[in-house]
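So, here come the structures, one by one.
Both complexes below contain chain A, partnered by chain B and then by chain C.
Up next, the complex of A and B:
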């Protein structure tokens, strides 16, 4: 219970910071909307469902990357990570809270993105929604972990995409598969397995990321 | 009463030095080729007040960060007889969020440290450090001195056993400095202090020992 209270306090802090600063969510919303508009005008004729599904996932991945890149900016700019690290809470609570806050921003962006996708391209089915939900968990778990690693380096803006995109390939494989397959069950199970595996790895090793 | 909680990675040791809160032996620190600390020994008894002095670049901040557990030494050992939640640390940065109010910052830390009667304790500290009237203002609107006062509230919030202060008088006006003096006077002997300063005369009345870094 104490652990969940700590996670709640830290996630509340991240949401409050975003509510005040409005640095991340508006940028994610504008980005994802702009990407769909660009795709809409850039694609000749009527693109197939297979093609546009790929664009949907590219848009989601890069929108997430935008949010992940900003996840630890308050801690970096105001050097508050020392304060969090010194607190007697389990350090993985910092990762979990940050992942949950990033997940909230990503879900908010997708609430705009999916109707736009349906408007410009094709109908969004239940399998896509389920794939988006499962992919979000993996994206936020892995991306937040890598964001914490990248934020302490000078090349953080370069490092995060370089670390994150290769690790996101299985997410793309599972998500695109689940979106286009007639029987998406095995792809959804693959995404769930990815989420569980990487969530455990990130949870268990975050302590070493924030220790000198 | 000091708030104390166990956490992952925290090992309760059979403390080999009765009465000592902090013991460091032959501490050294290198950043690449650059050596910033060399062969520092210190023993800090329970209730002691150790003042660390030295010119710029002598390694005061590095020593205090190592003692607080924020940095690891490249040579030597450091042993703390206090848990992470029993330590209060004030560094060069206030470690508060500028977009949050003083109340929100202290509430966050109060929750993380499991401070009993959190609201009352926060109110008492804000009043004592002259921030009660501006408690709902964002820290971004505070002056540097007010932010330092808030940082001191943060340090004292969980009533730590070991208090590590790196240049605590920085940015404080005379009234703020006197407030800090009164806090140090009140807690002297009851809490253990490790304080670095460029103005040793200011903390001389409280000091039980001095460590000069070259």
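Up next, the complex of A and C:
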């Protein structure tokens, strides 16, 4: 129970920070809208539903990357990471809380992005919404973990996309499959499996990322 | 009983084989493999002479997997037992795996050009998987060289190397799944009948690649250790 309370307190801190500073979410919203407009001009003719679905997922992935890149920046700038690591709580709680906060930003961005997509391109079905929900879990779990790794390196923001994109390819496969297939069950199950597998790996190994 | 097992283990330990013996062994094995592949193995009925690159392609791919898995095992040893040698060994394993991975892409690309007339085909699962793994492990080097030597670099590298072995089966499943919506038509290649000289040739080529990889691993480890020692000595002198 104390673990969940720790996670809640840490996640609340991030959400509160965002609410006061408004650093990440407006940037993500503006980015995803701009990407949609770019896609319109990058797709000659009248793109089919298949094509725009693919581009929707590229937009979601890159928007998520934008948010993930910011996730640990406040900790670095304010030098709060040492304090968090010294706090009397399990280290994995830091990862879980950060993932939840990032998930909240990403979901908020998508609540705007999906209707916008429907307005600009094609309607959004139930399978896409389900796939978005499942893919978000995986993106935030893995992305936050890698964000914590990238932020301590010299290359910093440059490194996160390089670390993250190869690991995100299975997410893209599952998500696009679920969005376009007639029977999305298999793809959704694959996404759920990915989420569970990588959540366990991240949860178990976060300790080593923040401590020596 | 356990003491006897430990003695046998230390006598049979690969670490004790001198480098010169390993170098000679890999020369002999690779030469034998070349002889088998070009002179002993029969021509493939469908694809003729060019199919022979497969003996190398498949055995190099298996060797690369072995390197990645071994690297992850060493990474696990680093995180779990704090084995002081494990970090360097894990890095060298991944390095060798990446070199062999590049060879997989190269041989696969040549084979694709001969078979289908294109340097790259997305329908070949193994090739696509190696492209993903190649990108992943290149990022491993970016990560490692973006950190100062020390426990933090060792930890982050180890964790990322462990992610790699999780990614291999997941990516493989993903590529299989993706085929269903990327390439709806299903074509089955009736695989070559495995047996006789084909099997022997493959086994020889596989052994040659494994011995070669281990030799290269040992050479690189020796070089890196020497480098470290030299740096330590310089620090002492300064």
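The rule is simple: the second predicted complex is superposed on the first by the 212 of 212 C-alpha atoms of A that agree within 3 Å, B and C clash if a C-alpha of one lies under 4 Å from a C-alpha of the other, contacts with A are read in each partner's own complex, and residues count from 1 in each chain.
Everything below uses one rule, namely that a contact is a pair of C-beta atoms (placed from the backbone, for glycine too) under 8 Å apart; a residue touches a chain by one contact, two chains touch by 3 or more.
As the structure is a computational prediction, the values presented were derived from the model and not from experiment.
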First (chain B), second (chain C), both or neither touched by A:196: neither
First, second, both or neither for A:129, with chain B first and chain C second: neither
Chain B versus chain C as contact partner of A:212, first or second or both or neither: both
Touched partner set for A:181, first chain B, second chain C, both or neither: second
First (chain B), second (chain C), both or neither touched by A:37: neither
Partner chain(s) touched by A:107 [first = chain B, second = chain C, both, neither]: neither
Partner chain in contact with A:173 - chain B first, chain C second, else both or neither: second
Partner chain(s) touched by A:89 [first = chain B, second = chain C, both, neither]: first
Residues of chain A at both interfaces, chain B in one complex, chain C in the other: 211-212
Complex interface listing, chain B residues touching chain A: 3-10, 68-72, 83-85, 87, 89, 91, 93, 95-100, 104, 108-109, 111-114, 138, 154
Footprint of chain C on chain A - complex, ascending: 149-150, 152-155, 159, 162-163, 165-167, 169-170, 173-174, 176-177, 180-181, 186-187, 190, 194, 197-198, 201, 205, 208-209, 211-212
Partner chain B, residues of chain A touching it in the complex: 2, 5-6, 9-10, 12-13, 16-17, 20-21, 74, 78-80, 82-92, 207, 211-212
Touching residues (chain side chain C, partner chain A) in the complex: 79, 132-133, 135-136, 138-139, 142-143, 146-147, 150-152, 155-156, 158-160, 162-163, 166-167, 170-171, 173-175, 177-178, 180-181
